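Structure provided below as structure tokens; questions to follow.
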Amino acid sequence: MSAIERLTPERAKAATGYFARLARWNVYEILFWLALAGMYFVPNVDLVLMSQIFIWGLFAMSLDILLGYRGIPSLGHAAFFGVGAYVAGYCGKFGWTEPISALVLAMAIAAVVGWLTGKLVQRVTGVGLLMVTLGLNLILYDLVHRSTDVTGGDDGMQGIVIAPVLGLFRFDIFGRTAFWYALIIAFILFVIARAVVKSPFGLALVGARENPRRMIMLGAPVEGDVSRAFALGAALAGAAGALLTQTTQFVSPNTLSFQRSADVLVILIIGGTGRLYGGFIGALVFLILRDWLAAISPVYWYFWIGLLLVVVVSFFRKGLLPSLETLLNRWKPSKADGPTA
Amino acid sequence: GFGASAQETVKIGILQSYSGITSLGGQQTDSTVKLFMQKYGDTAGGKKIELVRRDTTGPNPEVAKRLVQEVVTREKVQVLIGPDYTPNTLAAAPILMEAKVPSFVTGAATTGIVGEKSKYSTRTFFAVPQLCKPLAAYAVKNGWKRVFVAVADFAPGHDCEKYFIEALKDASGTLAGNLRIPVANPEFSGYMQRIRDAKADALFIFMPIGELSIGILRAVNDSGLKASGIKIMGTGDITDETYIDAVGDAALGTITTGIYSTQHDSALNKEFVKDYVALNGAKPRIGWGAIATWDAMRMTYDALNAQAGAKFDPDKFAAFIHGRTFESPRGPITIDKANGDIVQNIYIRRVDKVNGVLQNVEIESFKDVGFK
Amino acid sequence: MATDLATDLAPVLAVSNLSAGYGAAKILHGIDFTVARGEMLVVIGRNGVGKTTLIETICGLTTLQGGTITFNGQRIEKLPPFRRNRLGIGWVPQEREVFASLTVAENLGIVYRGGPWTTEALYGLFPRLAERRRSYARLLSGGEQQMLVIARALATDPTLLLLDEPVEGLAPLIVQEMIAAINRMRRESALTIIMVEQKHDIALANSDRCIVIDHGAVVHAAVSAELLADAALLERLIGVAE
Amino acid sequence: MSSILTVLFNGVAYGFLLFIMSVGLSVTLGMMNFVNLAQASFSMFGGYVKVTAMQSFGVPFLASLPIVFIVIGALSIVVERLIFRHFYNTDDLTQVLLTIGLVFMSIAIATYAWGGTYQRIDMPSWLTGQRDVLGLTLETYRIFLIAIGAAMAIILVLGLERTQLGAMVRACVDNRRVAGACGLNTELIFALTFAIGGGLAGLGGALSANLLGLDPNFPLRYLVYLLIIVSVGGMGTISGTLIAGLALGIADVMGKYYFPQFGGFVIYVLTVACMLWRPHGLLGRQT
Amino acid sequence: MSDMVLETRDLHMAFGGLVIFNCMNFALRRGERHAIIGPNGAGKTTFVSLVTGLLKPKSGNVFFDGRIVTNDTPQQRVKAGMVRTFQINSLFKALNPLESVVLALLERDGKARLSLRSVSAETKLIDEAMALLTQFDLARDAYGLTEALPYGKQRLLEIVLAVALQPKLLLLDEPAAGLSTQQGHEVFSQLAHLSKDTAILFIEHDMNLVFRYADVVSVFAAGALVMQDTPENVRRSPRVREVYLGN
């Protein structure tokens, strides 16, 4: 090795190709989204449940940005969901009934809240971070819950009016509009999130997750990235909240309860972190099973949900999606990790 | 079609909470429905009654609204008992209105949630002012003029606080002080000391059923506040039969207002209680949810019988019910014609031991109290 | 000193047809060797060939996939690690794995179960540790941690000591003193030693025999002094290119 | 003046209650680094065991406490052997998911076994009512809580923090592989510590049930409190848990007395402020 | 501009009661290859941490490139051209070597900002990363799991990540630890090929490497800089023999 080896063009090409391949859409992804859209045509499917699955999936994906990519566990993620939900609610209540622009506004405000949260917690890690996010979530919940005059408190906000989407599609009681509206918004935001995590910023997030000390020694703005990740995650969570308000035309403190923060964490971990899809898979499995179990065993479904969690962590250590990937990879005869140039 | 009318069915959706802290609500509803159908059969007006049960999981409008949509659009439910809780009721209202599904509010007490929101809905529970106002009058009449008001710090609590203080002033009582107590709160001693410092004649309490209602009565007792001579009173939630045994003797002597007590002295009630206990056992004890469900079932059967032989018509169904007066195990009730809200007797009760069991014994009644 | 390849004494440790790895991954393939009482065997080989895996397999920390390990006549390959240690196998792990949230004194105290190496005796061997006895192990310097790991292994009163790159990060003076100490122990209490070492010159110069590992198998066994003398063979066995 | 002292006393008693409730979690989470949210379920079962022992078997209150400790300690060994030990090497979130699953299951099991409603809890008469102490009228049960909490704190700090056993547990947590190869019987140490943690959690439930109410939802209702106390105190320190319990208990009761309009916030605001100031808790150390 | 790339003046450092050094005055010339040796616990690693900003001195100042950097954050110092490696490997487990090096280059050029463009658009940087890996003989491992790399290769990667930032001053804490004699020499001969603008300060206990590759050797012991001289003189110093080298 005493003579220095030189870079060959093939090697250089292979390296660029490697990153390109990471960013490329593969067939499973396309199938996944087609399958979601296809649910609409399944006879007697519960469209409302499906739209709520998209919303939870989007919400879980927003947490994935923080937890899966940046390694920040947040126990208070519902706070951002709730901010989005209430912004959309106030819009609908005070005459800004057009849903898409209201959704964008909700995202923007949630992003600001997220960014400020990130600023506040950027030096805190581990358990401290969990407790700070949890505490902030509980404080916000309490505020909204008891400020009956401003928010309607526990009874929920009343008088929310949402105009038809694009002036054409009214939110109907069958949940048809809700289905497509939630799916399309979730998809668009997914595409954006996907691009972000495949971008240099995404790589930096993973780097900081893996080894913040080393990132500092690369001169990376690790703390600034915390606020940016929070802003991004919060914006997406806010979008999910706004979607919920708009599709149900109702908002209550429930949207920012600790229970929701815990549920979204559970959904994400069931699905698998660090892949964006984990949230959607988790939401599908968790909500459908919960709905089904609650229907067949209303009193004891807690038991079965608990058992489900225990089974998932016992047999699919890292969540359902990674296990699925392993399975798919096993089918494919020759799949190397990268070019073997 | 005409020929099919014999086996035509009516689907009744039951949307109650079956899980978690609030699971007792669903359990009571089920027990009552079971009792009712055992007594009156599973057909009404020639139509077979089919039940569709769903778990709202508590005050959770997102889930409740989805379930309402689901049972209305997919299960094609024609009548709905529930959903429970105010936020659930409010979230569901537009759908029930649009789909023309008559519903019964059996577990939400906020004012004004029936009528304006949905002309198809009927309340068989009660409205907050209905409970608060008579108690204020009763307190002042008995010489407890300086009243300290402690409510749970959430919308129903604020509602209750408002109506009670209003009524107290109207009855020329005075407010010795007021407190809003957080809903997630395991510790009352700071509050107890504050109430004690205020030296009031009576303490009015509104707490949701559960660890708060149990906790505050125990705290009132353990801290020595009760022994200091202050009169303890509140809405019936705090001494609800389903939880009163968990409070124990600390509840003795508490004065509450209520719409129903198993001790109510009427033939109809005696029969109801006897049958209920025979079918479902003595525990859990009968609470207000049971009576609200019972009356909802009663009206459903009556309304269906009234349109026997015809196709189910939601408008006629609602029209039949609204404006009706009838005798319930709780006493006479009237459903307001314009609003679908309820007018009923309100009882002042005191917690006593009857045959070794804590009971809400009626000591005075206010007739035909309105819902405003 | 025993210098011939097949010692006539009953071996302290006999490893026979040993295969092991991590989970399903197989790293070691059919390893055979023995060590006699008081002997010092060094294991050399290039990076990543499985030296650490071999040591950890003797400790019971990897997945055993076949073969036997006999220690003082007793089969131990199925015993849990703590039992092996209590039978007299001490271990110095490769990457300074101290108990980070314990103080130096606690690190030594909790593993001591009798024997000559009391905490005070160990402080005599490593005076630097005595100075830092109340410090949490995670705050120690690299070399201090290495001393602590060696001291901790001695505290368990081993008759067989497994050393995985023990002189890494130690100052030359300390290395000399340590090797002297080890030689003294071998002489005085017939301590048996297996040592993995990348710095083959030090290793071969101070040991009796050596085995060379490549791709998880023993590719050469020799008397240390002879191998050290044979530069060409050495170059071929552990030399440069991959 | 006397009301200030009474409020302070009540705050201290509440602080000890918080300590008693969370010390079990402090042992498993803090010392063993295992995020065992099911400790809250052990507390609940502790409460039920006490109620059952007292009501169905007529066991006196004081005698029921060691029974609870032993029964729940044994139960946690069983759970540890069957389930938890396979999860020592997994990350925190997996442990969270596993144990939250167990919490859900425990809720259903408790509903099945004891019904969905609140339990009646009768305390012996010598523990109810008030007593006059140095001119103050104090609640008897709170005096009892302070006494038993202080005793537990002393025993645990001396027995777990300052001893070889404590150091061994920490060593096993730091590096289980190496601890095993250094002759520590890690399985036994973990199982024992788990039993102690579980037993303490059960005791916490038994001692607090009459104040907090006992029903199947107990674990979910108080989980957040447990987490707050343990993390504000700092992972791995029993004395930290004690200090956090006392600080938050006193602040909570004082806050409710002097600023009732902010009453509910005090505990959360203090938690956030504390964790921002010292992310590893009051007595926790940087790693 | 001064001739010195790094200088410390009257640096005082202590952990609680434990004084590490009292009055450390140290200077390092541009492009110099400088070794620090000294007994275990003498404060060598601490010194590097002070210089790079992971620790704050109790008093005294650090000058880099003629500027006071005592109060700069570690990031600011990295941006100014001061880069270190760690005594214990500190890598990105989930990233493969190629991704790790690309990440380092992205950070160096400040390109890891929020955007929607894939990493693959940065072809120049990817080429540069691959060239670096090739140079340090890691090209064959570029796509493998970092975790599964043999220790020696991880050590190399650690160095590549630092070199990728094109530092003015490279601080290496025991770069050859865990490597065989052979590999140690390989690492150092690679480092010798770096541009002459890069000064190298390294801590090492392997005297063969120290005496062969250092221009200047500093000896830390007992809270002070005992000696700073050429390798030859240091090797011959009886004082150094006594505290550190032995015979």
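Going by the order they are written in, the chains are A, B, C, D and E; count residues from 1 in each one.
Methods note: a residue touches a chain if its C-beta (ideal position, glycine included) is under 8 Å from a C-beta of that chain, and two chains touch if they have at least 3 such contacts.
Since this is a predicted model, take the numbers as computed values, not measurements.
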Co-neighbours of subunit C and subunit B - touch as defined: D
Between the pairs A-D and C-E, the one where more C-beta pairs touch: A-D
Chain centre separation (subunit A, subunit B; CA means) in Å: 39
Length of the line joining the C-alpha centres of subunit B and subunit D, rounded to whole Å: 36
Where subunit A and subunit C are represented by their mean Cα positions, the distance between them in whole Å: 49
Subunit B and subunit E: spacing of chain centres that average the CA atoms, whole Å: 73
Where subunit E touches two or more other chains at once, by residue number: 186
Shared interface positions of subunit C, touching two or more other chains: 240
Touching two or more other chains - residues of subunit A: 1, 142, 146, 299, 301-302
Pairs of chains, among all present, that meet the touch criterion: A-B, A-D, A-E, B-D, C-D, C-E
Interface residues, subunit A side, partner subunit E - complex: 1-2, 4-8, 11-12, 15-20, 22-23, 192, 195-196, 198-204, 206-207, 209-211, 213-222, 228, 232, 336-341
Footprint of subunit D on subunit C - complex, ascending: 59-61, 80-82, 84-86, 91, 93, 97, 99-102, 106-107, 109-111, 113, 138, 152-153, 156
Parts of subunit B lying in touch with subunit A, wherever the complex brings them together: 18-20, 23, 26-27, 53-55, 57, 59-62, 65-66, 69-70, 72-74, 86-87, 90-91, 94-95, 98-99, 110, 153-156, 158, 180, 182-183
Subunit C residues within the subunit E interface of the complex: 46-48, 94-96, 128, 132, 135, 139-144, 146-147, 165, 168-177, 198-201, 238-240
Footprint of subunit D on subunit A - complex, ascending: 67, 73, 120-121, 123-132, 134-136, 138-139, 142, 146, 258, 262, 265-266, 269-270, 273, 299-303, 305-310, 312-314, 317
